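Consider the two complexes below, in which chain A is the common component and chain B and chain C are the respective partners.
Entry: the complex of A and B
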C-alpha cells in the first residue's frame, strides 16, 4: 500500500544521486562495512601491531579457509537450506587426500579425489534434502556424523602426518606445502590467493549468472520458482555440491598448511563459524537473501575481531564470548533497524 | 440515523502516517450496537490500518477513539481484547496442531497462570457452548483444526472471537475462501449475532454481499473518509464509483464482441488424475477466453496443475495439433503455456526479489548468454511490460513484497507474457485484488485474446467468468457437467451444474 506512486522514474533507471546514495546506505553490506571500519580504527589506535602489512596479511591468511567455506554456505543459505556437515567434510576430504599423498599417489590425483569426496558428500546432502524430502537440517546433521565417522574409520582414529618420514614423495610434498604455506610476490599467502580466487568466481557465479539467479529465486519461494520453470531440486543440489567442493578445498589446504590432522579433532565445530560468518554478512536463514561481498565482510569482522582480541591480550576464553556477542549484535542490529525500513 | 443509540465505538479524526504515505487522513466513523457496518475501499485505501488501530496493533498519530462513551487508548492487542474487541483476520490465526476446543479457549490460556493445570474437559464444554450459540451442534470439539475444512476453520475462528465478552467484532474478508452455501451460512450466523446486540465491522471486496449483509457502509479512498451510507440507499455501482473516484463502466463486461474462433491450440482428451479428475475433454481455440467454473473440490485446482506439469495425469494433451506430454513447468513453458497461479503470495510472487527479477524469472534463456545474465536485456524486457501493463512501481529494483496485490499480480502476469505464450492459464486471476486493478487485468486479457492467445480462466468468481469468457465449462466431481456460451451464461444454471444437479451442453 506504500508504493502507489505512478512516478515514471523506472524509465531509463535514471535514479537521482540522492536515491542512489540512499540505496547504498540502506544496503545490508554498508552496515557491516561501517562496523568493520570502526573496529579497524579502534584497533589502529589501541594497538601498535594492528595496522602493519605483516599483521594484515596474517589476518588474511587466518580467515581464508573460513572465508572459502562461508562463500559456499552463502549459496546454501540463499537457497533456504543449511549445511551442518561442512566441518566433517573438511576433515574427511583433507585426510583422504593426505593419506593418498602419503601413499605416493600422484599429488594432483590425490587432491582431485579429495575434492570429489567433498562434492560426493555434498551431492548426497542435496539429493536427500530435495528428492529425499528430508529437511537439510536433518540430512546434514546425519552427514556430519557419517563423514566424521568415515574419517575415523579410514584413519583408524590415528593422526595423519604428511611428511617424508611418513612416506610421501619429497617433490610432491614441496608442491603440496606450497599450496598451503607458500607466498606469491613473497608476501601474499597462497591461502589468501585461493580465497580471493574463490571470492571472485563465487561473486560472478552468484550475481551474474543464470544459476545465481535461480538460487535466489528458489530461496525466495520454491513454489514460485517451480511455476516459473526453474528446476528447484537441481538448483538446490548444486548449492550443496558447491558447498562440499569448497569444504574439501579448505580441508586440503589446511592439511597443506599444518601437515598433520586427526579425524577426531580436525574441523570440529567449524560449521558454526562458517554459518555465523555468512549470517553476520547478511545471508538469512529464511532464504533468498545474501551476497558474497556481505559474507566476505562477515568473515573479515570475525577475523579482525579475533586478531584484535589477541593483539590486546584478551584471554581466549573472553574471545569466545566477544565473538558470540558480535554475531548476535550484527544480526540484531539489522533486524531492529529493518523493522523501520519495512513499515 | 439512530442518534438515540450511543455507539459502541467512535473514531474521531484518526490519522496515521507511515514513511512516505498517509495511510489514514482524518477518518471518522462509528459502530452502533446491533449493527453490521461494512468498510469498503480499494487495496491501500486504509481499511486494514484502521482495523489494526482498533485491534491495538497500531497506534494512531492523531485522533480519538471513544469506546462506549469513554475516550481511550488501545496500546496493544491484549487491551483491545479486554475491552471486548475481537478480530477475525482473513488469514486464519488458529493453531492447526490443537483441537477446536483448545483453540476456542486460547485467549483464556493467555490470561491465566502459566503453571495452572489445563482444564481440557472445561475447554470442550465451553467450545460446545460457544459453537451451539453459533447454531453448530454437529461438530466434535476435540477434533484437531488440521482436519477441518476451511469453512469449518472459519467458524471456529468466529467462535474463538466471541468466546469472551465480545462487544465489537471485526471481520476482515471472512469469506474469501468460502463457497456460496458456506457464505450464506456464515451470514446467517452474523445476523444472529447482530440481533444479540454485537456491533460488527465487516471488511470485504465483495460489494454485493456487503450490500445484502450490512446496515451501513463506510467508503474509504486513499486513506480518506469518502462517505458513510445506508446500505438500502446505494447500489454496487454507486459504491464502486465512490471507491475508485470515477465510474467504472461495465467492469465485468467484455468490451469487444468475440470473433469466431477456428484454430484449436490446446486440447485435452480424457484427462484423468487420481480421484480428482475423471475424464476431462475440451478444446481451447486461439483468441478464445474459456472459463472453468466449479465449487471447491470439483477438481479445478488439479486441472490447472495437470495442464502445467505440476501433477501427473493420464490422457492426452494436444498443443496446436501435436500430442505432447507435460511433466514439469519448464516443459510446459517451452510448449508455449504460461500459468498464473492462484496463491499469489505463496506460489506466484518471489517476494524478496525485485520487480525485474520477477518479470524475467520464467524466461531466463532470452535474457542470458552463455549462462550469464544480460542486465540490459533484463531491464529492457521488464520496462516493456511495466509500461504495457501499467505496473505502478518506483523503480525496477523495488522489492516485490512492497507492491500492492494488484501490482504484484500484474508483475506475475508480465512474467507469463514474457515467455510469449500461445496459451495463458489463469487460476483465480483477481482474488484479493481491488476493483481498479481488476478492470485493468480484464482489459489485458481481452487484448491478449484479440492477439490470438488462448486464455483459460479457472475461477470461483462467477460474475468474472460470465463477464469475461466466450465460453464457460462447469466442473463437478472431476467431470465437465456443463458448457455455456456467452449468451447462455447466467449464475443459476451454472451453479446448478456445479452442484451436480443438472447438466447442460
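Entry: the complex of A and C
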C-alpha cells in the first residue's frame, strides 16, 4: 500500500515536472531566448570585442530607453491597441522638461511636468481610441504629428541644450546628468538601472495584479471582458497612460544622457523600433498575448543585432537589410503561428 | 506543439541574417560617386583655415534678365514698384540647421525691404516640398529660392517654374541638374576636402580614421565624403577604416559611434561629415577621456560643438556660414527682379577651432 502510494506520488511528480518543462519549452519566449543565445555565441566567435564586460554594459545601456518604452508598448499591444506616437511624446516630454530645467525650475518639478505631459498625451490617445470611437492607429498617428509639431513650436526648431551655459543650475544639472550618465557600483549605467526597475514593476503589474489580468482580458475579447464586469475602456486608457508615462521617462533620461535635443530629430522613427521589439518578444498585434520577459528578450535581440553588425564591420546598408529582415520575420512568425492556433 | 512551430524558422533566419551581413562587403563607400558640382569649384583648398573671400568663385556666366521672360504678373508687379513676394524653401525646416538659414532670410527681409518667407516640409520629403511649392506658385510668387530634398525629384519642378517665368535660385543644397539661375552655398566636395585636410594635418599625416555621417547615401554626404577621401588619399599614412552611418536619432548616433570605436580600437581620428554626429563624437571622446588619443573634426557650429571645441574634445569644425546662405538666396532674387545680373555665391569655408570659437559661441 505504501509502495503503491509512493509510486502514485512519483508519477504525479514526474507529470508535474514534465508539464512544467513542456510549458517552458512551449512558451514563445523560449524561442526568442534560444535565438538570442545563438546570436551571442555567433558574435562571440566572430568578433573579439563582443563578449567583453565593457561592450555588454554598452549594449545594456543602448537598449535601456528602447526597453523602457517597449515595456509600455507591451501593455498597449496586449490590450489589442497600438501607439505610434511614442517617439514624438518621447521628444516633447523630454524637451519640455529640459527647457524647464534650463529656465531654473526645480529639477524634480521639471521632471514631473515632463512625465505629466507624457501621461496627458497617453490619456488623450486612450480616450480618443475608446470613448472617441477612433481606431488607435489613427488616433496615435495624429498624436505623433501633434506632439512632434508642438515640440517644434515650443523650441522654434532650435536645439535645446541643458548645461550651465544655457542657464541651468549647476547643482540641478549634476543630479540630472547622474540620472542619464551616472553609474551604480561604478559599472552599471543608470539607464540600465531604470530599465531593470521598470521591467520588475512592469512584470509584477502585468502578471500579479487584477489590472494585469484585465489587460489580458480586454485584449483577448472585448465582449467577454465587458460581460465579466471589466471596464474595457478604462483599462485600455490606462495602458495608453502607462505608455505615455514610460515614453516621457525615456525622453527625459535621453536628454539627461545627451544633454542636447532637437525637436526634428529626437525620437524620430523610434515607434517602429519599440513596436518591433515588443513583437519580436512575442506580443501579438492581435492582442491578448505578450509578456514583459518576452519584450526584454526582443529588445535584447534588436540591441545585440545592431551592436554585432557594427562590431563585424558590416556595411551600413547591409545592416538595414539584416535588421529589417529580423523585424519582418518576427511579425511573420506572429502571424503564421496565430493562423495555426486558430485552425 | 503548435506554439513552437516558429522557433526553428526564427533561429534559422536570424542566423541567416547575421551570416548574410557578415558576408557582405565591409563598411564602405570606398568608391564614392562623382562630385555633383562643377569641376571648377571642386578644386582642393590650399589653406582651409583662412576664410575664402565671398563671391570669389563664380562657376558660370552671370544670369541676367535678358533671355529670361518674367511671368506677366511678376513683370507687372515689378513695374508697379510693388514689394516682391519671395519664398525660401528648405528641404527640412525641422532640422537644427534650419533656424540659422531662417535668421539669414529674416535679416535679408529687414535689410532689403522685401517679403520673404522661410518654408519647407517637416522632415526631408521631396514630394511634400514640391507640393508646397506648387501651392505657393498658385497663390502668386515673384521668386523662389530652393534647397532641394532630392536633386532628381526637384529638378523638373524647378525647370517648370522657370518655364512659367518665375525666377528660381538654389541655396545650401544645389540642384545642378536643373536650370536654376544661380546657387548660394558651400561647395560640398571642397568642404569635405578641407575638413579631411585639417584632420590629417592635426594627426601629422598618420593614423586610422573613421568617417561618420547621418545618411551615407544622401547626395550631400556622398559629395563631402568624396572630397574627404580625395584629401586622405594624399596622405599615405592615413588609413580610412570605415564609414559609419549613424542614423539621425541622437541616441542612435551616439550608440553607433560607441560601437564603431569598440570595433576599431586603433582609431586616432574621427571625421564627422555634418552638424549632428560631430558633437556626439566629441561627447564620446569626452566621456572616455580620449582627448589625447582621438582627434575629432566635424562640421557646423551647433552650441554643443562649440562648447566641446572650447573644452578641447573637438579639434575643429568647418562652418558653412548658414545665415549668409539664407541672406544671399533672397538677395540674389531681389537683384534679379531688379534687372541686375546674378552669379553663384560661394559662402566659403572657415574652420572653427580654439583660436576663434568665441566668435561663434558669442563669448
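Note that the second predicted complex is superposed on the first by the 314 of 343 C-alpha atoms of A that agree within 3 Å, B and C clash if a C-alpha of one lies under 4 Å from a C-alpha of the other, contacts with A are read in each partner's own complex, and residues count from 1 in each chain.
Keep this in mind: a contact is a pair of C-beta atoms (placed from the backbone, for glycine too) under 8 Å apart; a residue touches a chain by one contact, two chains touch by 3 or more.
Just so it is clear, the model here is predicted, and its values are computed rather than measured.
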### Query
If you stack the two complexes on chain A, which partner ends up touching A:288: first (chain B), second (chain C), both, or neither?
first
### Query
Regarding the shared-chain residue A:314, is it in contact with chain B (first), chain C (second), both, or neither?
second
### Query
Between chain B (first) and chain C (second), which, if any, makes contact with A:135: first, second, both or neither?
neither
### Query
Of the two partner chains, chain B (first) and chain C (second), which one does A:223 touch, if any: first, second, both, or neither?
first
### Message
Contacts for A:167 in the overlay, against chain B (first) and chain C (second): which applies, first, second, both or neither?
### Response
neither
### Message
After the superposition on A, what does A:213 contact: first (chain B), second (chain C), both or neither?
### Response
first
#### Entry: Dominant toucher of chain A (residue count), chain B or chain C
C
### Query
Who does A:231 touch here: chain B (first), chain C (second), both, or neither?
first
### Summary
Note: overlapping chain A surface for chain B and chain C spans 340
### Message
Looking at the complex, which residues from chain B come into contact with chain A?
### Response
18-21, 23, 43-44, 48, 308, 310, 328-330, 332-334, 339, 341, 343, 346-353, 357, 361-362, 364, 368, 371-373, 379, 383, 386, 392-398, 402-404, 407, 415
### Task
Spell out the residues on chain A that touch chain C in their complex, using ranges where they run on.
25-28, 30-32, 34-35, 38-39, 42-43, 46-47, 49, 54-55, 58, 62, 65, 148-149, 152, 156-159, 161, 163, 165-166, 181, 254, 257-270, 301, 305-319, 321-322, 325-326, 329-330, 333-334, 336-337, 340-341
## Note on the structure
Note: in the complex, chain A contacts chain B through residues 1-7, 9-11, 13, 15, 19, 23, 208-214, 216-217, 219-221, 223-231, 287-289, 340, 343
### Query
Tell me, which parts of chain C touch chain A in their complex?
1-7, 9-11, 13-15, 17-18, 20-22, 24-28, 92-96, 98-99, 102, 122-123, 216-217, 242-245, 248-251, 254-256, 258-260, 262-263, 265, 276, 279-280, 283, 287, 302-304, 307
